Amino acid sequence: MIAESLALSAVLFTIGTIGVLTRRNAIVIFMCVELMLNAVNLSFVALSRQYGVTGQVFVVFVMTVAAAEAAVGLAIIISIFRHRQTVNLQNINLLKG
Amino acid sequence: MLLQTAAVASTGHSLQGSVAEWIWLVPVLPLIGFLINGWLSLRAVGHVGPADPSGEEHGHGHTDDAHHDAHDDGHQATRHPSASIVSVVGPTVLILAFLLAVAIFAALAAAQPDAPFVKQLFTWMVAGDFRVDAAFQVDQLSMVMVLVITGVGALIHVFSVGYMRDDPGYPRYFAYLNLFVFFMLVLVLGASYPVLFVGWEGVGLCSYLLIGFWFTDKVNADAGKKAFVVNRIGDFGFLIAMFLLFANLGTLDFSGVNAAAPALGAGSALVTVICLLLFLGCAGKSAQIPLYVWLPDAMAGPTPVSALIHAATMVTAGVYLVARSAALFSMAPAASLTVALVGGLTALFAATIGLKQWDIKKVLAYSTVSQLGYMFVGVGVGAYAAGIFHLVTHAFFKALLFLGSGSVIYAMHQAYHHTGSHEDAQDMRNMGGLKQFMPVTFVLMWIATLAIAGIPPFAGFFSKDEILGAVFARTHGSTLADAQWFGIPGSAVLYAVWVFGLAAALLTAIYMTRMMLYTFHGPNRSGEREREHLHEAPWIMTGPLVALGVLSAVGGWLNLPAFFPAGPIQALHHWLEPVSGDAALQVTHGAEAHMTATTEYTLVGIAVAIAVAGIAIAFARLKPAALVPKAEAPEAEGFERVLEHKYYVDEIYDRIVVRPIESGSRGILWRGLDAGIIDGLFVNGSAYLARGFGWLGARLQTGRTGTYAWVLVIGVIAVLSAFSLR
Amino acid sequence: MPNFFYQFNFYLFGLIAIASALLFVTRKSPVAAALWLVNVMFALAALYVMLDAHFVGVVQIIVYAGAIMVVFLFVVMLLNLGDPKEISDVSGKWGRLAAGLVGLALIAQIMTLARSSAPPSLVQPPDRVADDLKALNALGTIAKPLFGEYLLAFEVTSLLLLVAIVGAVVLGRRRAAS
Amino acid sequence: MSDFLASIGYNGWILPALLILPAVGALAVWLQGVLSRGTSNDVADTTARRMTFAILVLEFVLSIGLWWSLDQKDTGWQAVVDLPWIDVWGARFTVGVDGISVMMVLLTTMLMPLAILGGWTSIRRKVNGYHTLMLVLTTGMLGVFVAKDLFLFYVMWEVMLVPMYFIIGIWGGDRRIYASIKFFIYTMLGSLLMLVAIIYLGLQAGIMEGKPNFSYDAIMAVSGLSPTAMFLLFGAFFLAFAVKVPMFPFHTWLPDAHVEAPTAGSVILAGILLKLGTYGFLRFAMPLFPGVAMHPTVRTTVLALAVIGVIYGSLVALVQPDFKKLVAYSSVAHLGMVMLGIFANTRESIQGALMVMISHGLSTGALFFLIGMIYERKHSRMFADYGGIAKVVPIWSTILTIVALSSIGLPGTNGFVSEFLVMLGSFKTVPYMTTVAAIGVILSAAYLLWALQRLIYNAFDKPSNRSLPDLNWREIGLLTPLLIGILWLGVYPKPVLQRMEASATKLVQLVEQRGANQLPALTSGGGGN
C-alpha cells in the first residue's frame, strides 16, 4: 500500500500548498502548513514499512517541531493581532525592508 | 670633474685673499635689510590691529597712487611708526653694498685676471652626478652688473625714502626692495646656472610683490600675477635649457659649461635648441616678443620700483644671461640671429605702441621694451660688450626718466590730493607746462630724453651707435652672415635688423619728445586750483635725479668708439674681453670687426640725423596747446586707436590662451572628465550599479508572506522539475 | 497480500482524508476549517495504524488532534475570529486559478518523483516493521531507536520545546508599555 | 652624537619603540577618556590633547636620533629588529630603515605633533577618540615605512587606513560620510589585490621551507616567476600604490577626502599618506619587478599617467572655487612629479622624487594648516568669501605667501630643489615627458598666485572679514618648524640628500640590473598587457 499512501500524501500536500497560497488568514495558513506536515508524516510512515522504523522516529520529531511551531507561531499571531487588530496577511508586511 | 676645473681656477687665483673674498657680503647686506624691514613691517601691523573703522575702498581713477593705502585708512596719512628706522636701514645697506662692490671692482681692475674668481660658500645640491655649489663668481661682467645694481639701486632707494614717505606699507616696501636687490645680486653673481636661476626667479618674486604692492586694487594684483606667470613661461625654457646642458655636458657651472661647450658642436641643432630655450627665458624676463605683455602692466607698481626693477636692473637680466652664455650663443648662429631679429622687431614694435600712449609711465614702459630689444640686437649679433654697454647706459637714463616721471606724478598727485580731485595723475593730457613748476626735473628729463634719443654726446648715443654699427659690421664676414635662418641668408636678416633698429631710433626720438612736450611744455591742463599746489619734489628725491642726470650725460665715456678722437677708447669692450671676448671673436671669424672710417662716419651720421629728425618731427607735428584733458579727450580713430590699444595683443592672448585654458579646465577637465567621467561614470557609476541591483532586490522583498509563499512554491516546482526532467 | 477489508478501509480513510482536506481549505470560517482539519488528522491516524505505526497513530490523535488543534481553536476563538467576516480571507478568482495550476504542477512533480526507486541499500525485507511490532509491541518498536540511536536528537528536541515554551510566553506576554 | 647613540644601543630598540609608544599611548588616551566620563568635559579633553601631544613629541625626540645613527655609506637595512610573530604563516615582525625610509619616518614623527596642535581648538567632539585614532594612525604609518616583512607591511597598511576612515567620517565636513567611504573603498580596492600578490610571493618565497616566508630579502630572492605572473603581480602592487599616490585616473577620492577631512586629517593625508604610495613604488614595485616597470610599454604608460597627472592636476586646480580642493589637485600634480622621478630611474630623479615627497609634506601640510586656521575663523574655504585680507591678517598672509611660493617651486625653497632634481634627472632618460611635465611649473604659478590674489589681495570688500583675528602664538609656533624646513631644504638640502644618496644609488642599480635580467623574458615571453 506504499504507492497509494504516497499518492495520498502528495495530494494532501498539494491541497495544503494550495491552501497556503489562496488563504489570507494567518491562522488558516498555519493550519494548512500543519496539513502539509501531516502529508509528509504520512510518507514517512508509509516508507518506514520498507526502510525501517527510523521513519516513524522522524514523525515523532516532526510532531514535536510542529508543536513547538504552533506554540511560537500562535504567540506571534496573538501579538500581531494585538498591534494591528487583524491576522490578514495582506495587511501585514512588517518584513518589508 | 668639470667642477674641479672650476675649483682649480679659483685656487691660486690672483684675487684670492683679496677683498673679493668678501663678495658674499654684497648680497647679504640687502638680505639683512630685508630681514630687519620685514620684521618691522609685520610687527608694526600687529599693533595696528584688524579693526579698521573707516577702511572702505575709494574709487580712485588711477592705478599708481602713492598714497592709495593712506586713503584706505581713512585719509590719515600718518607715517608708519617704524618709518624712521626703515629710512635708515633700507638705503644704508645698499650704499654699504655699493661701497664694498667698488672696492672689489677696484681689486678686480688691479688684478685683471683672465679667469673668474669663484667664491664657494657651501654645497647646495648634490645628487647622483649632479652637484652644484652655492658659489659666487667675481669677474668683469658680474662686477659691472653689481655696480649698476647697487649704484642705481642705492639712488632709487634714496629716492623712495621721499616718494613713499607717507605710505602705510613703508617698511614692507623697503623689505621687498631690499629683497629684490639681494636676489638681483645673486642673479649676477651666481657661478652656475642654478644659482643664477635662484636670483632669476627671486627677482621675479619681488617684482610680483612690488607690482602688487597696493594689492587692494585688483588691477595691481592682476598685473603682478601676470608678470610672474609670463615670466614662468620663459623660465620653462630656461629650465629645459639647463636640463639639456646637464644631460649633455654633465655640469651647470659657468666655467664648466664654457669649458665643455665645444663638445656640443658649433652650429649643431642641440646648441641651437639650448640657446633658443635660454632665449625664451630671456624673452620672459626681459619682455621681448612674444612675452613682453607683462612689462607695461607692471607699471602698476610704485614708480621707483618701475625705475629699479622694470627699467634698470631686472629686465636686463635676459641680456646678462645671453652675454653670460656667450660661449653657447656664439656657437649657434641661427639662435643668435633669432635673438637679434626678435630684439629688432621688439624694438620697433614697442616703439610704435609708445607713440600713442597717454599714461606717462606706459610710454616709458614701452620705451623700455624697445630699448631692451636694442640690447638683444647687440648681444644677438655677438657684440656682447655693446649689449652690456647699452644695458649700463640705459640703466642710467631710464632710471632717470622713471624717477623723473615719479617726481612728476608725485607732484600731480600732491596737487590732486590737496583739492580732493580724483583725476588721473599719470595721464599726460592732465599735465602740460610743468617746466615752470618743476624746473630741475624738467632739465634732467630732457637730458635723459636726449640720451635715449641718441643725441651726442649723451650716453645713449654711444651705446646705440655701437649696437647699430655692430649689426652693420656683422652683415659681412661673420658666422651670422654665413648662416641660414629658416632658409633666409643671415646677412639679409642682419640688414633687416639694422633697418628695424634705425626705424626704432626714429620712433624713439619722436615718442620721447612727444612725452616731454605734453608733460613739460605748452599750457598747463591740470586745473586752476591744482596749479597752485604743483611744486618741485623735495631734495631727497631730486638728489638721486641729479646723480643719474650726470651719469646719463657722461655714461657714454665708458666705451668711446674707436674713431673717437680723445678719451679711453672702448674701455668697457676691453674690460669685458676676458668674459665674452672669445665668443665675440668666434662670431667674427676671429677678426676684430673694424669698418673703414668712412663707413663708421656715415653710420654715425645717419643715426644722428635720424635722432634729430625724430625730435624735429615731434616738435613740428605735435601741438601741446591743442591737447585737452583726459576727461574731455575724444576717442582715437583708425590706426591710432589700434596703437592706443597696443595692437590688442592682451586681448588676443586672453582670447586664445587664457580663456580657453580656463574654460577648458573648468568645463572639460574638471566638470567633464574629473567629475563627469572618472568620478561620475566609473566611481559613482559602479556605486549606482550596486545600488540599482540592491533596489531590484529590495523590490522582491515585498514583506508579504503570500508573495513569499508563491515564490517559494514556484521555486520548489522548479527544483523538482530539474530532478524529474533530468 | 492484504485482504479486501484492509484495502477497503485504507481507501475509505484515504478518501475521507482528501475530502476533509478539501473541505478544510475551502471553509471560510476558521473554526469550521479547524474542525475539518481535525477530521483529516483522525483519518491519517487510522492510516498510520494500518501502516503498522501504532504509536504514531496514537500520538497523532493525542498531540495533533488533541493538543495542537485545540490550541488553534483556542486562539481562533480567543481572537474572536470565529465568524467569516474577514472579506479577503480567500484570494480572488485568478488567484485561486493560479493556485490550482500550481497545485497541479506540484502534484505532477511529486508523483513523478515518487515513482523513482529508492537506493537498494536502504531497502529492508518486507514486513520488517510488522515483525518488530510483534516482537517489541507498539512502544518498543519506536522506543528502541529513539532512546538508542537518536538519543541525542531526542534530548535536543526537548531543548527545542523548552525554547518554544519560553518564546511563546515572552511573545504572548502583554507588555507593560503597550 | 652617534657615539652616544651607540652607547645606549639606540639602533637595537628604536624602531619597535617608535611603533609601540603611540600604540600604548593610544590605549592610555582611550582609557583616560573612559575613566573621566564623570568629570568635566573640558578638563578631560585638554588632558587628552596634552597627553597625545606629549607622546608624539617624545616620539619625535626619540626618532630624531635616526638622523645621526644612520650610516650614510651603508646601502642596506639598518637598525634592524627581527622578532618572531605569526610563525605558522611565516610572518615575522621585522623592521628596519634605510636612507629612503628614514626621511619618511622623520617626516611622520615631525608632522604628527604639529597635526595635534593644528586640531587643538577645532576638534571639539569625542576628543579622546580622535586622539586615540591619531596615535594608532602614527603607529600604522611608521609601521608601513619601517616594515621589512611584507605581511607586517600589509597589516600596517590597513592599520593606518582604518583610523583615517574614522577621522574623516566622524570629524569631517558636511559630506564626510561620502568622502570617507569613497576613500575607504578606493584604497581597499587596490590593497586587497596587493594582499593577494603578497601572499602569492610569500608562498613562492617559502616554497622550499614548506611555509610562507614574507621577509623582504626572501621575496627579493624569488626567481623563476613566469612573465604573466610578474605582470599580474606588478599590476596588483601598482593598483594599490597608484590609488594611494594618487595617479591620474585613480585620484578622485583625494579632493573629496581632503575637503571633508578635518585639518589634521588633511595634513596627514597630504603630508604622509600619499607618500606611502610612492614609497611603495620605491620599496616594492620597482625593486621586485623592475623588468615589468622598465618594460617599454609599462614604463611609457606609467610615465604618461604621471605627466598627465602633473598637467591635469594643475589645470583642474586652476579652476577650483574651494581652496582646499585646489590644494588637493595640486597634490595630484606634485605626486605626478614624484612618479616621473621614480620611473625615470636615475639617481638624480630618485633623490629628487624623495625630496618632493618630503617637501610636499612640508609645503602642502603647511597649506592645509593655514587653510584650517582661516576656516576656523571664517568657516569658509571659498575664494569668493575672501579678498584683500592681507590687511587684517598680515602674518597669516605672509606665511601663506611663503608656503605657496615653496609649493610653486621658487628657488630658495624646498619646492625648487626637489622638482629641479626630479626634472634634471628625468631629462636624462625621458626628455620629452620631462619637458611636458615642466609645463606644470608654469601652471603651478598660475593657480597658486591666482589663489593668493583672491584670498589676500584684491579689494577688501567683505565687511565681515574686518574682524578676522590674526594668528595666535600656538598657530605661529606650529607653522614655524614647517617654515624652517621649507627654507632649510631650499637653501641647504645637502644633509638630507646625502643621507638618501646611498640607498637611491643602490635602488637605481638594482632596478637596472634586475630589470636587465627580467626584461628579456618579458619582452620575448609575451604577456605584454
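The first chain written gets the first letter, and so on, giving A, B, C and D; residue counts start at 1 in each chain.
Assume contacts are C-beta pairs under 8 Å (C-beta built on N, C-alpha and C of every residue); 3 or more make two chains touch, one makes a residue touch a chain.
Bear in mind the structure is a predicted one, so any value in this text is a computation, not a measurement.
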Chain pair, A-C or B-C, that carries the greater number of C-beta contacts: A-C
For chain A paired with chain C, centre-to-centre distance based on mean C-alpha positions, whole Å: 7
Geometric centre distance via CA averages, chain C-chain B, whole Å: 102
Cα-centroid distance, chain A relative to chain D, in whole angstrom: 64
Inter-chain centre distance, chain B versus chain D - centres from mean C-alpha coordinates, in Å: 38
Residue numbers of chain A (touch at least two other chains): 17, 21, 24, 90
Interface hub residues of chain B, defined as touching at least two other chains: 706, 710, 713
Shared interface positions of chain C, touching two or more other chains: 91, 102, 106, 110
Topology of the chain contact graph, where touching chains are joined (line, ring, star, complete, other): other
Full enumeration of touching chain pairs: A-B, A-C, B-C, B-D
Residue numbers on chain A that touch chain B, as the complex places them: 17, 20-21, 24, 26, 29, 89-90, 92-97
Chain C to chain A touching residues, read off their complex: 2, 7, 10-11, 14, 17-18, 21-22, 24-25, 30, 33-34, 37, 40-41, 44, 47-48, 50-53, 55-56, 59-60, 63-64, 67-69, 71-72, 75-76, 78-79, 81, 86, 88-91, 95-96, 98-100, 102-104, 106-107, 110-111, 114, 118, 122-124, 126-130, 132, 141-142, 144-146, 149-150, 153, 157, 160-161, 163-165, 167-172, 174, 178
Contact footprint of chain D on chain B as seen in their complex: 41-42, 45-46, 50-52, 55, 57, 72, 122-130, 134, 194, 197-198, 200-202, 205, 208, 212, 215-218, 220-222, 224-225, 228-229, 232-233, 235-236, 239-240, 242-244, 246-247, 661-662, 664-666, 669-670, 673-674, 678-679, 682-683
Of all residues in chain B, those that touch chain A in their complex: 698, 701-706, 709-710, 713
Parts of chain B lying in touch with chain C, wherever the complex brings them together: 706, 710, 713-714, 716-717, 720-721, 723-724
